[in-house]
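The same chain A turns up in both complexes below, where it pairs with chain B and then with chain C.
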Partner chain A sequence: MKECYLGIDIGSISTKAVIINKSYQILSSCYIETKGNPIVAVKEALQLVSIPPEYQLRGIGTTGSARKLIGLLLNANVVKNEITAHAVGTLTYHPDVKTILEIGGQDSKVICIRNRMIHDYAMNTLCAAGTGSFLSSQAKRLGVDVKDFGNIALKSTNPTNIAARCTVFAESDLVHKAQIGYPKEDIIAGLCKSVVLNYLNNVCKGKRLESPIIFQGGVSKNVGVHKYFEEILKEKVLVDDNGHLMGALGVAILSSKVPNPRNYTLDFQNIEFKTIGEECKGCSNRCELVRIYRDRELLDTWGSKCGKY
Partner chain B sequence: MDKVKIGIPRGIYYYYYGNFWKYFFKKCNMELVYSPSTTKEIVEMGSHLAPDEMCLSMKIYLGHIAYLQDKCDYILIPRIDRFDKENQTCTNFLALYDISKHYFKTPILNYNIDSQHDFLDGILNMKELKLSRVQCILAYEYAMKKEKEMKSRRENLQQQILNSSGKKVLIVSHAYNIHDDFIGSSIVKILKENHIQILYSDYFDEKKTNLLSKELSQDLYWKYSRDSIGSIPLCKEVDGIIFLSTFPCGLDSLVHELVIRKMEKPYLNLVIDDMSASTGLETRLESFVDLIEQN
Partner chain C sequence: MNKISYPQLGSYGVPIYYLLTHVLRNEIIKPKEITKKTMELGSKYSPDFVCTPFKYTLGTMIESLDMGADILIQMGGGCRYGYYHELQEQILKDLGYHFQLINLINGGNHISIRKLFKEYPIELKKRGFLKYLYTTKKMVIYMDKIDHYIRSHRCYEKEKGAFNKLREEMLLKMSEAKGPIHLYHIYKTYLKRMKNVPLRETTKRIRVGLIGELYTLMEPKANEEIEELLNSYGFEVKRYTDVTYLLFQKKRKVKQYLKNFFIKYRMGADALDNIHHTKELCEDEYDGIIHIKSSFCTPEIAAMPIIESTAQQYGVPVLFFSMDMNTSETGFLTRIEAFCDMLEMRKQ
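Presenting the complex of A and B:
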């Protein structure tokens, strides 16, 4: 029996699952929307990926913003943050990369790599301006599928200027530009450009972006944003076809390195998971507790400051 | 006669003068009433009272005062403007006394430190306490001695950590942020769980750090900012630096950005708001820990 490993990246917008073998080749993968419910999304994703019959699952890793919850439910042997997962994944497939640009649904980050190690990184602060969720909400406003955004943007020769600092201002700017009659492709191109400018001004400020540069995350699928990155940075920016899977790949690779692995199955469909949030009345801290149940059995309680649970 | 009860809100100035006050008022035969460590309830009380543009730390401070009203005879809120030309405090802090006087009925015990009055002058001017000058000076000297002892204990501890092996992180922050239970404790907890030793910028000798801040910027005139960034040149051996501030702190938004541009070490810039979801914070800290552990 050959060994394989599952990596799941549960982000705010999309959930990615990938199964790799010992030499880090992708055996199966999927990319679906989280739709605000990570548990349902993961169940769906696990139906979409399949383990070839000659393989045995020997490790599960989770990353992304719901990594702890899903890690607990699937009994994962690696639960890692996105930065490390992305860096590990990227360095495995592109060992020479020096800069990783990553724009996801709610987070955007830049990772600087020197000597094949993370040298420095930065992440957006609390504000989600210029991330995937901003693009998809604007796509809805304009009545365009976010997947077509990039191709429409490429048609424009004259992108409009859109305020890039703050989502709220960007949105009123966008409405205004539409009302005075700018064509849709110019507005969409302007939006893509504003995402790039916002990212470079906010997240990358003070960082040296050395070439080779790779662009990842859900937004990297947007050819418009990719084009403006190359235009503004005046550098070749690489986009991997599996760029959206890098986090999942990274964590799958990490899970393959865990000593003393055990056997796993993908049999989670019939198990019911439930999480209940409540406010603890124990003291005036009033912690937000999250209780996690598997088939009515309490697995764990999170969120208490005092450590009572 | 009952002892006079003095209420000390556990916020802002408590983290600079708390120890001094403890010994000073004890020596003057007065009772101290403290507000508890910051809880969510206190944060909510404070946010409810605070004007929009106040930073989280000041909202918390107002919450502490709200907790103390009716529980003591006086609430101690000094009004500190500046120590000298180059050492001013945040302009918002200057208004704390007046804001509190407007909000709360409990009498407020106040002393001023400004261009005309130094710390001792301020202490001597607390007329409400009806202390004699001699009594006041004796208590002041006693409390100062205790304060010095505590500071040198802290400094020795920091030095021990600096000399030890293992991963070390310096947290550059105002004392009222990092030592607050609501703002800083979760950060300290995550770092300790990962076996990282922590150095606090406010545990160094402020006279030293105040001068050393000139290495990073010649022009700053905020005392607490200078004191905190001055710890950076002292900690050349640390593996990483965490800049912690609360939203929307005007001083830190300038000072931290300014210093970050001169950093050669890994750093992390954390801005804390009263958001209750902690995932964002955990992700940032965990990846920072990963970064310094592999280096």
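Presenting the complex of A and C:
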């Protein structure tokens, strides 16, 4: 029996699952929307990926904003943050990369790599301006599908300037530009450009972006944003076809390196999971307790500051 | 008789309570531990863009006043914190509380003791003032020494919580100390016991330096207990800022720093110290530096670019945190986790 490993990246907008073998080749993968319910999304994703019959699952890794919850439910042997996962995944497939630009649904980060390891990183702290959710909400406002966003942006020769310091103000600026009659493609191109500028000014502040540069995360599928990155950085920016899967690939690789693995099965579908929120009344801290049940059996309680639970 | 209370800062409540109860006849009210309610009270009545120490101390003051205190103690600092006592006094008086506020340090200078007793309704006990003042000073110094030891050894403890348990025991014993000699014995016993705590063997040590704004560094509730968190990842932690440093060493050290270092001016509060400490940590080959400040802390904001470029010259990564009531714990943990992973990878 050959060995294979499952990596799941549960992000704010999309859930990615991937199964790899020992030599890190992708056997099966899927990409679906989270829609605010990670448990349902993971159940759906696990139906979409399939383990070939000659393989045995020997490790599960989770990453992304719901990594802790899903890691607990699936009994994963690796639960890692997105930054490490992305770096590990990228370095496996592109060992020479020196800078990773990553723009996801809710956060954006830059990872600087020297000597094939993370040297420095930064993540957006205060605001979600210039992330995937910003682009998708603006697409909705303009009545365009996000997937066409990039191609429409490429048509423009004269992108408008959109103030992108803050999501809310960018939106009002966009409305203003639309109101004075700018063509749609110029506004969309302006949006893509403002995402790039905002990202470079806020997240990459003080970081040296050395080439080769690779661009990942959901937004990397947007050719408009990609074009403006190359234009503004004056460097070639790589985009991997599997760029959106890198986080999932990274944790799958990490889980393959765990010593003493055990066999896993994916009997996740029929089990009922429930999360119940509760306020602890022990002291005036009033911690918000989160209890997680599997078929009425209490798995874990999170959120207490004093360590009572 | 008037009742006295003071703001909460880490475990320093122990020596302050010790001093006040031994020296004064007044009743002393121990402030409550900082909880979510404290923070909510503090933020509710504070200006929005004021830094977090203001909000924490204001919250504690309101809780103390509700418990019946009518004399409050506050300490100004070398930044805009120096003006905070006046603003806090005004806010609390507007809320309808009747009390007096004593500001012990004004613009970096201590208030004179004679003035203190003349102007405020506090009564001194007849005997032992100097003895207990000295004991308190020693208590602070011993506590800081023990904490220094804990920060660099807790990460290797075999039995989880062994150091914390000893520390709590020690604080309890110290609060019952009879005098400086008794205190010294307590310190020695516990230092010995701590040195006997079984430790794991390790081949690679990862050391992290903590710098930043003083209140957020010293109050574990304000920094999400970052020291314990780093220790639990197996990292040694070094922190320069503690009360010993601020009260008894800072003046002398800053003079030295101004002499030997490329910075010629003071930048307010601890900005200059932090820049110098960055350089020291880099030269000591620390693996990483974490800079914590409360949001809107002006001196630290001014120091941040200099800290970053200094550390860059040595190739040491720096992680910056701005703590606020609204800091999301998840975001904080993700960043710290990634930083720790990075340090581990760099070490290999």
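One rule holds for everything that comes next: the second predicted complex is superposed on the first by the 309 of 309 C-alpha atoms of A that agree within 3 Å, B and C clash if a C-alpha of one lies under 4 Å from a C-alpha of the other, contacts with A are read in each partner's own complex, and residues count from 1 in each chain.
Criterion: a contact is a pair of C-beta atoms (placed from the backbone, for glycine too) under 8 Å apart; a residue touches a chain by one contact, two chains touch by 3 or more.
Since the structure is predicted, the reported quantities are computational estimates derived from the model, not experimental observations.
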| item | value |
| --- | --- |
| Three-chain arrangement built on chain A, chain B and chain C clash or fit | clash |
| Partner chain(s) touched by A:278 [first = chain B, second = chain C, both, neither] | neither |
| First (chain B), second (chain C), both or neither touched by A:145 | neither |
| First, second, both or neither for A:81, with chain B first and chain C second | both |
| Partner chain(s) touched by A:123 [first = chain B, second = chain C, both, neither] | both |
| Partner chain in contact with A:231 - chain B first, chain C second, else both or neither | neither |
| Clash with chain B, by chain C stretch, listed 168-176, 186-194 or 222-230 | 222-230 |
| Residues of chain A at both interfaces, chain B in one complex, chain C in the other | 65, 80-84, 117-121, 123, 125, 206, 283-287 |
| Complex contact set, residues of chain A against chain C | 65, 80-84, 117-121, 123, 125, 206, 283-287 |
| Contact footprint of chain A on chain B as seen in their complex | 36, 39-42, 181, 185-186, 247, 260-261, 266, 269, 271, 273, 275-276, 278-280, 282-284, 286-287, 290-291, 294-295 |
| Of all residues in chain A, those that touch chain B in their complex | 65, 68, 80-84, 107, 117-123, 125-126, 206, 283-288, 303, 305 |
| Chain A-touching residues of chain C, taken from the complex the two chains share | 32, 35-38, 305, 308, 317, 322, 330-331, 334-335, 337-339, 341-342, 345-346, 348 |
